[in-house]
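Take this structure first; my questions come after.
Which chain is which? They are A, B, C, D, E and F, in the order written, and residues in each are numbered from 1.
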Amino acid sequence: MEFQYENSFGVKGKIDQSKIAILPIGAVEAHGPHLPLGTDNILAERLSKKIAKRVNGLVLPTLPYGQVWSLRNFPGSIHISNRSLIAFLVDIGESLYKQGFKTFAMVNGHLGNQTALKEAARELYESCPELHVFYFFYPGMNKAAAEIRDKNASHTTYFHADEIETSYMIYLAPEFVEMEKAPADIPDIPAYVDATPVPWEDFTGTAVLGDASIATRDKGKYIIDIALENIVNILESFGEIE
Amino acid sequence: MEFQYENSFGVKGKIDQSKIAILPIGAVEAHGPHLPLGTDNILAERLSKKIAKRVNGLVLPTLPYGQVWSLRNFPGSIHISNRSLIAFLVDIGESLYKQGFKTFAMVNGHLGNQTALKEAARELYESCPELHVFYFFYPGMNKAAAEIRDKNASHTTYFHADEIETSYMIYLAPEFVEMEKAPADIPDIPAYVDATPVPWEDFTGTAVLGDASIATRDKGKYIIDIALENIVNILESFGEIE
Amino acid sequence: MEFQYENSFGVKGKIDQSKIAILPIGAVEAHGPHLPLGTDNILAERLSKKIAKRVNGLVLPTLPYGQVWSLRNFPGSIHISNRSLIAFLVDIGESLYKQGFKTFAMVNGHLGNQTALKEAARELYESCPELHVFYFFYPGMNKAAAEIRDKNASHTTYFHADEIETSYMIYLAPEFVEMEKAPADIPDIPAYVDATPVPWEDFTGTAVLGDASIATRDKGKYIIDIALENIVNILESFGEIE
Amino acid sequence: MEFQYENSFGVKGKIDQSKIAILPIGAVEAHGPHLPLGTDNILAERLSKKIAKRVNGLVLPTLPYGQVWSLRNFPGSIHISNRSLIAFLVDIGESLYKQGFKTFAMVNGHLGNQTALKEAARELYESCPELHVFYFFYPGMNKAAAEIRDKNASHTTYFHADEIETSYMIYLAPEFVEMEKAPADIPDIPAYVDATPVPWEDFTGTAVLGDASIATRDKGKYIIDIALENIVNILESFGEIE
Amino acid sequence: MEFQYENSFGVKGKIDQSKIAILPIGAVEAHGPHLPLGTDNILAERLSKKIAKRVNGLVLPTLPYGQVWSLRNFPGSIHISNRSLIAFLVDIGESLYKQGFKTFAMVNGHLGNQTALKEAARELYESCPELHVFYFFYPGMNKAAAEIRDKNASHTTYFHADEIETSYMIYLAPEFVEMEKAPADIPDIPAYVDATPVPWEDFTGTAVLGDASIATRDKGKYIIDIALENIVNILESFGEIE
Amino acid sequence: MEFQYENSFGVKGKIDQSKIAILPIGAVEAHGPHLPLGTDNILAERLSKKIAKRVNGLVLPTLPYGQVWSLRNFPGSIHISNRSLIAFLVDIGESLYKQGFKTFAMVNGHLGNQTALKEAARELYESCPELHVFYFFYPGMNKAAAEIRDKNASHTTYFHADEIETSYMIYLAPEFVEMEKAPADIPDIPAYVDATPVPWEDFTGTAVLGDASIATRDKGKYIIDIALENIVNILESFGEIE
């Protein structure tokens, strides 16, 4: 159920019944020639709807801007600082808590947001101790991606517009993928990228961190389904779903 | 053109050609029994698309959360503080400026945001002096509404889910209006509401500030068309449109 | 009674008896050739004394600096940011609350302060929920001025050093008015001034927004008396006056 | 010359000629039974006028609120945090600099403000490196007071409503002094007061830190005249006076 | 060379010659019964000295407090918020830059600090664009630890007071290790720990995340030597070492 | 007892028994040709250990960075802003309070930190009202130094790397003093230094504010012993020592 299309007369009952608010959050960020700038928003939104169905959650409007420091100089990227993002998310969480929600599940489509989401969750842990706050970024995907991918990843934790993320899009939002433009770009990411600030234009011209041309719907489905199950299981283990 | 569905390879040229970024901004806020919580988002978005067509602008993803202090205790409302909202908008503006935009036009669907938008515009005036920043809230609507409305307003500056805003929705997004539920609620707003913080539950149970049952598509069209012309004229007067 | 001329041995009893603290707040800002930079301070102070008499209030020392972004480039203007002003006012309010006051009435002589005053009042609403906080800016003046003015206003909400404000001064502080210098300046304020940051030097060289030469004591008295009654009525309606 | 009674048409020339802005700053704070709450404001203001005459300075409106942590629980005290006070003063300084002033001389009547004034001066040192910023608190008074006082001080650096400050008032503002109520209160201030936060109600019921009954106009004049000379000399040594 | 034992007359030449400032940073945090609270400080310090020898760097005094949210409730842990830590590190970095350093290498002994260090590095990237800022946390250790460890890790990214970290200590600071107390504690860390704030007392009583009893000097040496080489290589690749 | 060399299994009992946490805090700052940059850290640390022995306190790791605005341009100085320093210290204090400490005694070796320490103590007074917070800077040293010194001080409150501080070092840490380099530098400090920001390079090339060549162990011992007794007495008077 999409929260913003409810009206305030009916929504109270639905909040009381569901108690789970799901916030899709992504970014506006360069994703190569074959994927749109809003890829992370689209993914977060589609995955959130699947989660909502499973856990009887209410899907909030997508927060479509995120922290994209690394790619902020690529055409079309819009960067929000961690500080601003954290403050915004804490405000949302505190409002949800006052509205009667018991769970605030952020469904994140953009790795760069994870720092802000975690920090916001910790601030809410102090100000709303009874609210369960989650920051899901495809839980279990590292293991699942290792099993399914055909080419090695460019980097142990980063993935971007590559075999994996493109597969997510083919599975969840194929109408936004232009596979004929998908590059087989596997940049050589220097080791120091984990130890000093490096804008990604230093090592890639496409913003694609892997061979996007070998992405498939099946690969996307395999990982997304695992992530979905993990999310549902975690929410269930917290007793949020009856 | 919707910005987030562009890809980064094509978007640079479009930015250079248009130079106008349009940000719809609204809120999640109670709007009575006949309008959805996301009314202000929907209005901002639809109006933004009309503006974009006229001025060859690029429509950014909607920022769907706003400052709703007055109605924050109504079911479904989500409140963002001015401080957080300002910081977020300044980040967006600075990114747009670095991306090459010359104009950042915020199209606001929620009066409560106007303070934050104005302040953000002033901060950007310092940090990005060459960027033109606008915060449009239906320019000209006060005069136009006075001409067209059948019943007096409850308040000189506030309007909410009433004859006027409901008319906007019938014109711009009729599929979200349930006219059969539209109340003829005209609360008695105390004079001190302009001089001290007053949560609106003190004087209304519906969040509707006027007779919504007499809203019509024509009234909405009349005002919105005037606002649209005013916006286009202002952008033209700044030389942003060729 | 002026608060700062009391001593701490006698003041406790007076606080307990009155419970109403009145803060005049204005600005140092260009007001044309015929009015002093401190016009808003003088007006706020004189009006505050009239209020105090009526409601048995205690008048705090005037806070003589305010937010004057629009005229900050005119000779003599001193600009305080909203952020600084809000923080300062919140500190004052919290102290008053700890001192035993039940009402903190800010009497504002400068429209540009209104945003900060409202925000400060909302912050105090959270931190001192039992303190009544007011931000009065000549309540009722819009209607009264429309009745009494001889020439149309340059702008629907702004008024500055014009027929109206000059009349206030002739009524409340004639010794500071040099009517022989009063200009009949009616600038053409562009419509976009409500939608983008515009320093006022763009459309006026005098900082006078109307024909000051037709100001009279009677016009000032008419509006100020109405504002005074409105303020007294609001304070009475909150049960602050016995 | 009092700045706020100038008008904006004449003030530019006066700024250019004088280049010295003088800000009296004090506090609203308990000063015993014989002195008013606004003692520090009155002193700062009267001393500022003397300085202005000597150096052809322009006296800004008094900032009448300060940091009074130690006495904040005494009746009538109003406390501003250092953070708020610093921000406010930096805004004033930056405005003065843009207005063309070369010197911003804060004349402080309240020791508790000195930390904030010094910090504000250091921030302005970065943002307006060409502005000379001063924070004068009776320079030379320690030596002069030691010479003139009849009883020992309660504390090496604190003085408050005592022999010394009461003498200042008799000299500069005798109309506000009620000598018949002046207490001979010499509290025993514990040594740890310099090493841990101690609200002054722990060791005094009057807020008077010394024998006020032996204050005289001559003692006040002796120290104030020295302080005045020191201030004038310092301003001259910076080449601010021609 | 330890920076703080230099004097200011000799240090300028050494800064010019070395240009590399090395900051050890750790934490005060529970590390089980066999390791001291300051384990991360000791490790960061000893590793920093090894680096300094190789790259002719100057070792700054250890910053011995860090972000220990997860273990903050264990006896002896002292927690610094990310916000405070970031601000502190940015100040250090800006001072080093003004002192003439070209490289600021933070050598981190505590994973929980990594978020703050990365953010501080990004802030310095804006304010001191010519300063190279690094945040080293045993680069290459994940791969090396996988090769050398005898038991599986409890968690893919966390390691704490376990086989690995205890080995580091036996190698670098054996005098602080009490191996006879080293527990073989392998807690079952729930999967949701990566998706919601979880204080570690929820799943461990010892704060030890693995079998510390099988730690050896050789294991420690193997990983630390790799990390040391990686750090030296990265610094060399930036041309910081001649 | 040094806190960071305890382990978390034993430390709880020691906290409960002692309840006094001692934080040495100094700075990295130019101290002339004869004393190291870390002089204030070394002094704070050595004095802290003496205090700990007397009051059964636990000595935390030294915070080795402080506010050194005045000498920040001298080689080797590292400057932390008051804002950052306050935030950091408040975090430490709040953690100590949660850990069960009843007293947080900051032992300061650097006068420039005193403002931040006092402000941090006042913030903790609000957030942890039951925690006793102290900021000791050689209590009693002014009187004692006046008795023992052979040459007059350059300034009434500043002392730096001079007869006095060098004597402290000869007493507490002689291995770091190079007396053969100790200058007899007595700069002429202008009176305005107390009234406007003055970087010390304006009046000294050595950073030494007095004749360091006449420093002796006995002078240091005389003052330090008095300061130590005063600290112990204050802690005893608060009932912290049994």
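Note that contacts are C-beta pairs under 8 Å (C-beta built on N, C-alpha and C of every residue); 3 or more make two chains touch, one makes a residue touch a chain.
Composition by chain, UniProt nomenclature: A, B, C, D, E, F = Creatininase family protein.
In this text, all values refer to a predicted model and were calculated from it rather than measured experimentally.
S.K.: List every chain that touches both chain C (Creatininase family protein) and chain F (Creatininase family protein).
M.R.: Touches both chain C (Creatininase family protein) and chain F (Creatininase family protein): D.
S.K.: Which of these, A-B, B-C or A-E, makes the same contacts as C-D in over half of the contact pairs?
M.R.: When the contact pairs of C-D are compared with those in A-B, B-C or A-E, A-B matches.
S.K.: Applying the document's contact definition, name the chain pair with more C-beta pairs in contact, A-B or B-C.
M.R.: Looking at contacts between chains, A-B has the larger number.
S.K.: Which chain has its C-alpha centre farthest away from the C-alpha centre of chain B (Creatininase family protein)?
M.R.: F
S.K.: Centre-to-centre on C-alpha atoms, which chain is most distant from chain C (Creatininase family protein)?
M.R.: Farthest by centroid: E.
S.K.: Could you grab the centroid distance between chain E (Creatininase family protein) and chain F (Creatininase family protein)? Build each centroid from C-alpha atoms only and quote it in angstrom.
M.R.: Inter-chain centre distance comes to 27 Å.
S.K.: On a C-alpha centroid basis, what's the spacing between chain B (Creatininase family protein) and chain E (Creatininase family protein), in Å?
M.R.: A distance of 49 Å separates the two centres.
S.K.: At least two partner chains per residue is the criterion; list those residues in chain F (Creatininase family protein).
M.R.: Nothing qualifies.
S.K.: Just walk me round the ring: chain A (Creatininase family protein), then chain E (Creatininase family protein), then whatever comes after, in order.
M.R.: A, E, F, D, C, B
S.K.: Would you mind writing out the residues of chain A (Creatininase family protein) in touch with chain E (Creatininase family protein) in their complex?
M.R.: Those in contact with chain E (Creatininase family protein) are residues 69, 82, 115, 118-119, 121-122, 125, 132-137, 139-140, 142, 156, 190-192, 194-197, 230-231, 233-234, 237-238.
S.K.: Residue numbers of chain B (Creatininase family protein) touching chain A (Creatininase family protein) in their complex, please.
M.R.: 3-9, 11-12, 15, 28, 30-38, 41, 60-65, 72-81, 83-85, 87-88, 90-92, 95-96, 98-99, 176, 178, 181, 207
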